[in-house]
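Pasting a structure below so you can have a look.
The first chain written gets the first letter, and so on, giving A, B, C and D; residue counts start at 1 in each chain.
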């Protein structure tokens, strides 16, 4: 490791998000995992929870103590359930630690909105203000030098990357946006319940949390900021029988006459120089397998003269660009490193 | 078998649709499969093509000859690729056979529309006129006593059952309809290609034929008839990693103020007495697994005050209600039998 | 229903085995489900636990009370976890009810063996003696007129049907038997835990309970009886990413010189007249999909001169022939009805 | 890239093996892909065949010409169907190129054996002699400085790593070895056919090529060499519904009295210092998911006193340790680099 290596603590290391951070950080040239923490199983080796880490990661799980973390780490990734980070982040910041939060706790800048959608007490206004919303390709500049990043949700990442350029340019009418998203099961985490039981999920597809998903206000917040006016969306999430991946299919009415090729060129221009957004040519559409295991977000377009609407489809790996990968991308931006440092994974195909 | 048993020929018996007709017809009280035909493999036992029929179905595959069919059957099910039925149906009708066509050849009443979307020569205007569009719960009465039925497409079945009551009552604005459909792989048939290769499909989801699917004009034709004016829809199909099932998620702007409960009651009333449409209560949503192997179409609703839109979700087994099951339902209606005869399969769960 | 219809109670109706009994019994000409019982959720409609039964099964779940069951039913199916039936069966028999137990409680005739492998107190010797081991094709005659049947385990069913003819004839050496079984996840039931979490199961295969599975003594008990001497087997179970199905691959040294064709003929002769065992010709091997949803057990053979061993492969649907289907087959045999009554389901393919 | 970087050509780049080589080589510190070749599609960008390589790999496919390859590359990976490498390898060696062959053409040292099992003409005796059998952990030393490596088959890799230490030490009787292997579908390659059709594979498991798989003589050749006498095995392969992974379950009679712990210690000692073999402790067994995307081979043991047999279970990713990963490991050994260079991928979980 070079002299500018930093030490990373992972809180919530027994979950899928934690495991993915470990997988990705091992390939990072400037960071290493120095401690793993969890609200349960402290004192046991992490490889007892995750056999795939046998011989790779020998660290023992530790209980979550801000001062103890400070002694071992420079930056903390929080891969924790809703509610944890709202309380923990201020304590970590006090210790002088940098924080990258993968939960939803710091994303909504309006605490009342958080309370409405998450049914929990929000983080303090002070912490909410400190935390930059880390949609890397859009707010990356704001991350530089900051001490707290709120990593976007998996659905918002796929969706916002697919909508922001068109909304910003006024090419689509924000009041007509309808988003139909499909996700693999890993997004539900490693907790057990009928909702993740193989027998219930395999050979089935269903819609869930229709018009009630907590990622709705997150998407609306950013689109509203982009459009310069309030945006209200229709958003449906579907659970499909696969482990990883999100496909977001987005519909909106086109303002004026724009072709598929026009959209392709707009987006190529918008994302020029950003390594992880790939614009698909000629009306071809992405598949989630084509980004599996990688930090890419692939986007395709079909503008339809018959209906005056455009269909935009984006694909990400929910565990990478939708969680751990973007968190590391944000670490890179925060530290002033190359945005892609440690993230050059080619998608695993098939 | 009772004295009013009729004999059924299945053309295209080596495909998935053919196999499903055989599975379902075996349970039918008034029909039996008397011959199986295919453009290939004639002279070999069907169980060589489908090992699951070992000891169950001993028939040999026959070449497709209308007169020979007449000698063995009363009704013919056509589970054939596009183009076959347009040519074959008139010859079968001439023989005095009844025809139930599962292909898309007889669905579009406007031959020019067929030519545009299917890129093939259409059936003759005469045959198109003869064939009743067999969406059983809507056009069932028209089927009685007829000699030709055009069985609806799998996507149109799920979608139209989910939209017709609201369009008919003027509760939704037809010009705002957006349909996002997800299908299992069996819908692509048993033909081989990269598009059905396990390595390409598993652990992936993608959109295909965006704004170009041949089921678009079929849905528009029926919705237009229902609304009394031209309807143009946005429609996207997605291939997901499962074998059976279609979930259609439909979006539209609501006219006036209607609640989820209002929609539930409207649909319960509309489908009263129809055994195969099940309306879900209280905003719960169907999963395709909950209809697997059965002829049910389950429908759920979420009307959203925030957006003024309703989200309607319908689920079918694409091989049953989307193909072979509805074909038999149409046979029942055609013959004046109980609509549900031979179709009381409980969904196979899990 | 005809006058000889009997009423069936299902205990454990909220599990997968209970649901499958309901699916299959609906097609039965002489039986109907009259009450559904569970240790939890009593007083709620079963369709709240299983949405696929909406509009099909309106019964409410009841608490488990032998006298109350007697008032409503003639026969009781126990689809319960280990330990329940050992206690409940004597009480049900006292009430004059017939009992078909799908659990493992009554299978091992030696209580001490049960205690060793199940780590629980066994049923009383009296009850164990009363319960016929219901491997239908082998012990079917013993079931006639009896009041208690112990339905075989899923792995023993597939395995014993594949081994008994060869062991009985002395064609294979019982001391060389090695069994490698693969199962879908439904065999683990609807209970939740990391072991059935989609994220852990999908895209993975693993061996579990190696040399420790409680079905080992059950298989050994029957093979020992068949061979006329103690038999000790090596048996491994594997969990694979599918919902239904068991494939049992069995290996043994052949005594003397027997060809694949010799085995085929021996088994065809042994199972002559039994509708649910299908012997595959010419060295072809069964796939679990080819029996899905049906009561068939398909068996294929490959005798290998190079090694002097035979490989026997059997396939069943674990929920049907491995549980609910065979239970109904046993009801038929118990009542003197046609063995196949209500069980003529063609496998669902694909 | 450092000055000792070598250039690699990939023949068969449009197959899954080719794609995996590209994925892994991108992370290699001393190698880079300089040209991609295929018998079809020459002149088109590789990313047209593999959309996941969009923006990552811009190379165009080239026709296979040894002299042209020599102009661009130092080492050639052959990820080609049977028959290609037997002819191509001598021509590449003549050009002074190093060759790592992933096909089966150079594995069997006895040409007659190849002809029997592969039904094709074998490579010349000269080429067969030149090619080292590249089971890295066993024959790694022999690879150093050589110009041709024959990369082992996927099943042989998993199986031989699981058996060699016990056979070598005489702990198991080679004449009793039975191997039951399960593989994901990617092992069948990207070619299309009913055998890889999603509808046929999903929700199913079957045995194939029973006692007839071309990997049998490969395993026997190596075990025979290890045991110092002819070894004949029983070997069955099963296709299961997953994309990647092989689990090999191996059975043999134990010589003398050895415990599970004895086996664990023997294998830990045998593989000491080899980074990619992980021995599981305490009778725990590996799952293929725990090695997915990585070059690990995990091995677990259960010695059973009741039967006098040991059950050994090994897991690999068939595309990595079973193909592209081991090929790169062999490149490392051939070149004298660190065996693990470029291969430190943590398994992707879940």
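Convention: a residue touches a chain if its C-beta (ideal position, glycine included) is under 8 Å from a C-beta of that chain, and two chains touch if they have at least 3 such contacts.
Computed from a predicted structure; not experimentally measured.
For the pairs B-D and C-D, the larger set of C-beta contacts lies at C-D. Comparing the CA-atom centres of all chains against that of chain B, the greatest distance is found for D.
The geometric centre of chain C is 39 Å away from that of chain D, both derived from CA atoms.
If you average the Cα atoms of chain B and of chain C, the two centres end up 36 Å apart.
Distance from the chain B centre to the chain D centre is 46 Å, each centre being the mean of its Cα atoms.
Residue positions 16, 186, 190, 199, 202-203, 241-244, 286-287, 289-290, 292, 350 of chain A are each in touch with at least two other chains. Taken in their complex, chain D has these residues touching chain A: 16, 19, 22-23, 26-27, 50-56, 186, 190, 202-203, 243-244, 278, 280, 284, 286-287, 289-293, 298, 344, 346-350.
Chain contact summary for the complex, chain A toward chain B: residues 178, 180, 182, 184, 199-200, 202-208, 210-211, 232-234, 236, 238, 240-245, 247, 249, 251, 283, 285-290, 292, 300, 302, 304, 306-307, 309, 311, 313, 315, 350. Interface of chain C with chain A (complex): residues 16, 185-186, 188, 190, 192-194, 196-199, 201-203, 241-243.
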